[in-house]
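One structure follows; several queries about it will come next.
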Amino acid sequence: MNINQFLQHALTGISVGGCYALIAIGYTLVYGILRLINFAHGDIFMIAGYFMIFSFAVMPFPIAILVTLVATTVLGILIEKFAYSPLRQAPRMSVMISAIGVSYLLQNLATYLFTALPKAYPAIPGLKQVIKIGDISTSLVTILTPVITILLVVLLLWLVNKTKIGMAMRAVSRDYEAASLMGIKLNKTISFTFAIGSLLAAIGSILYFTDRMTVFPFSGSLPGLKCFVAAVFGGIGSIPGALLGGFFIGICETIIKAVGLSTFSDAFTFIVLIVMLLIKPTGLFGEKNIDKV
Amino acid sequence: MSNVLKLTDMSIQFGGLKAIDSLGLEVNKGEIVAIIGPNGAGKTTAFNCITGIYRPTSGNIEYLGKSIIKEEPEDITKRGIARTFQNIRLFKNLSVFENVLIAVHLRYNDNIFTSALRINHRQENDMREEVKRLLESQDLYKYRYDIASSLPYGIQRRLEIARALATKPTLLLLDEPAAGMNPQETKELTSYIKKIRDEFGLTILLIEHHMDLVMDISERIYVIDFGKLIAKGSPSEIQNNPKVIEAYLGVEEDA
Amino acid sequence: MNKMKFKDKINIDLLIYIAIIVVSVIVLMYLDMNKFEYNYAISIIEKSLVYAVVALSMNIVTGFTGLFSLGQAGFMALGAYTTAILTIPVAARPNVYYMNGILPALENVVVPIPVALILGGLVAALFAALIGIPVLKLKSDYLAIATLGFSEIIRAVIASPMMDKITNGSYGLKSIPGFKSSIECFVFSLVCIVLMILIINSSTGRDFKAVREDEIAARSVGINIFKTKQLSFIVSSFFTGVGGGLLAMFMRSIDSKTFQITLTYDILLIVVLGGIGSITGSIVGAFFVTAGKEILRFFDEPLVIAGTEVPLFKPGFRMVIFSILLMVVVLFFRKGLLGGKELSVKVFKKHSRKKNEDNVSEGGKE
């Protein structure tokens, strides 16, 4: 591998990593608040892909993007309302099973409505434009993804640390009961968390599928799992951790594929999980989070 | 005198908070000893250190002359320390019989093959027989089929003690056994604790807020406040100790 | 006197179980004798039996120990491939491995089917032990993700070109010896199910339940929770592996796509519908879901009533219905269709006994 090839792969990795980071944040936020592995999150990401395909077919692309973002956010909120909020007092395993149930439902619904065959993802004008930097050629979306990701994370950190609703989110994730005793509206805060998670997943979905070009009912399941691992890697509950985890997994995966071991690129993610649990179960930024108290 | 339990300079720190500050404590064979102190003084934390749930930051815990500070809770139980919990921790969805049956497992030598294939089914019968006898002696046999969580509060407390007894302990730790009981029930509990001490040859360390019970039952009392030992001695000594009175009055002022 | 009562109860239950088994055997023998007529029914029964084994094995870890494992498809794949590789007739092998050939060391290795099934279970159990060490020791929360991920890794490895000479890569394996009769399938499944029931009702099984109920209380009575969780996970995976071997025998040809995540979800569906922590629930659930899926097959066909096509009916509708059913059970019947109870004479007997107990306790009170 010469230096140019390496840079090329690194760029691709950073781009994939950006998408992963956006999804991983959704996992980290939800786990932080409900201690729930939201198995349906990857499928929300997949459904966002279909939203884009269908809205793009009937309206101009800026509006289609807007519709996709809004629809996905609403979907996330609805899932929480119907499938998770009735189980607030139930054992954690019931909620996890409910999450699997939603995932199962979304996948089967997508298969039923859109068939199991991959559907072509629309090309958003300009995004696939080829850009040349020295000897490296890449598309605009590849460059744009990490930039957008980092901007969004900065925005999110501001939201979580400086606004009232952000404070509520942090309070709920620290102590559920105490927060509600302090007058924080639990349901509203949880809905808001799901809204943010789903919105970021929708943005991630647009960037991811623009690059992959097709969507099918299971295209969310594996990226979903990987992003959860990314969140664990960075330290579950930590937003910068999810960002770093996403980039780490994305870059490593791309490099593994580049050296011809693509069969094991998926396996790698789970080895990361196991190794991380062995050496630092709290993740990279896990402990910092505890110190914040 | 031979001491069963000995804490020397034991401290535990959570982040910046020193929950227990160099606590020293001794319990002698056959004694009933009480730890008292205001809420949040670190009493239950001390129990959690003794039973291995928390690991003390420094100091030592000796049981029958051996340090148990590095041992896991289950191994400490096997050594002969059993306990009950402040908020009752039963196996909620299992029957009374099963709750106690599980506690006798540790004294039988069973593995998955022998137990599943009933290779020494005499053993299973022995276990059941033993549980039956224990439940009968504790007046719980009539509840044997009932699911633990369906029992009245007082019975749950007694079941938890019976479960602890099933491990055949030498030292029994009772964490607020009289919590939520009325004076009559507390009185009954007092004689019950003495009874099991004599019957099972136990040494008992207990945490309690009901002063009647504490003064009636304990041979010696330790008083903790803010993680520190502020007094120790016989019930009458404690009752007249100005430091103790101050600690308790201080709390009442706050409340 | 009480002891006698206890023994009587066991005997009645045992008699009923034996009666059920005898009736099943007679029915199956009848079906086997009229194989051509009842081919479809036989295949549904066999599939249900295999799923019952896997569902019950999942219930050991999920329902009785309270650990959420989602590695069923992966452990089944291990069992299925092990069984298949060791039982495909030597004569058929060149034909199976027509693309890349077979590893010389494996070329002539054939073992009897029961041995192959047990080995399949052991391979699954070994992998479970390896995953269990890091995950169960630290945060069993992540067990679901780790096992789901592991399941996908197994699939990737099986399909990878490096494994061509062992697993035949993406071409899959065929010519796996099937069940000679439905009785054979019944016997294998029954042995697994009985063993699992014995484990659940043994002192080991009680330790599992104690860990599920309250970890701190379990430790306080001397249970090593890590070892107990590890044991439950290994035992469960063993039977899942055996179940995978049985599935391979049922299907007669397998490839890595057989063991996708959806397979795990199908089994979870059975466990949840039947009731988490209910033995009979898993068994009844397996028959209910498997038969239900077949009966609802017409939902996936276009339906024409009075010349117009009903729009809802098209491929995938069945699974949507099952997904909704799953959600309904999770949200409204949290204990499953059987309500977490075991289906047996005990349920009925308990009611009458309870009344007596109540009288006793009332009399006993001051």
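The letters A, B and C name the chains in turn, as written, and every chain counts its residues from 1.
Rule of thumb we're sticking to: contacts are C-beta pairs under 8 Å (C-beta built on N, C-alpha and C of every residue); 3 or more make two chains touch, one makes a residue touch a chain.
In this text the structure is predicted, and so the values were computed from the model without any measurement.
Chemist: Mind having a look at which chain is the central one, using mean CA positions?
Modeler: Per-chain C-alpha centroids ranked by distance to the global centroid put C first.
Chemist: Would you kindly say which chain has the C-alpha centre located farthest from the C-alpha centre of subunit C?
Modeler: B
Chemist: Provide the C-alpha centroid distance between subunit B and subunit C, rounded to the nearest whole angstrom.
Modeler: It comes to 42 Å between the two C-alpha centres.
Chemist: Quick one: report the Å distance separating subunit A from subunit B, using the average Cα coordinate of each chain.
Modeler: Taking the mean C-alpha position of each chain, the two centres sit 48 Å apart.
Chemist: Distance-wise, how many Å sit between the C-alpha centres of subunit A and subunit C, to the nearest whole number?
Modeler: Distance between chain centres, rounded to whole Å: 32 Å.
Chemist: Mind pulling the subunit B residues that touch 2 or more other chains?
Modeler: none
Chemist: What part of subunit B is in contact with subunit C in the complex they form?
Modeler: Going through subunit B, the ones touching subunit C are 51, 53, 72-74, 77-78, 82-83, 85, 89-94, 98, 101-103, 105-106, 108, 110-112, 115-118, 124, 127, 142-143, 145-146, 163-164, 166-167.
Chemist: Spell out the part of subunit C that touches subunit A in their complex, as residue ranges.
Modeler: Those residues of subunit C that touch subunit A are 62, 66, 68, 70, 131, 134-135, 138-139, 141-142, 144-146, 148-150, 152-153, 156-157, 159-162, 261-262, 265, 268-269, 272, 276, 314-317, 319-320, 322-324, 326-327, 330-331, 334.
Chemist: What does subunit A use to touch subunit C in their complex?
Modeler: Residues 35, 37, 39, 82-83, 86-87, 90, 93-94, 96-98, 100-105, 107-109, 111-113, 115-116, 218, 221-222, 225, 228-229, 232, 263-264, 266-267, 269-270, 273-274, 277-278, 281 of subunit A touch subunit C in their complex.
Chemist: With touch defined as at the start, can you tell me which subunit C residues reach subunit B in the complex?
Modeler: 195, 198-199, 202-207, 209-210, 213-214, 216-225, 231, 235, 350, 353-354, 357, 360-361, 364
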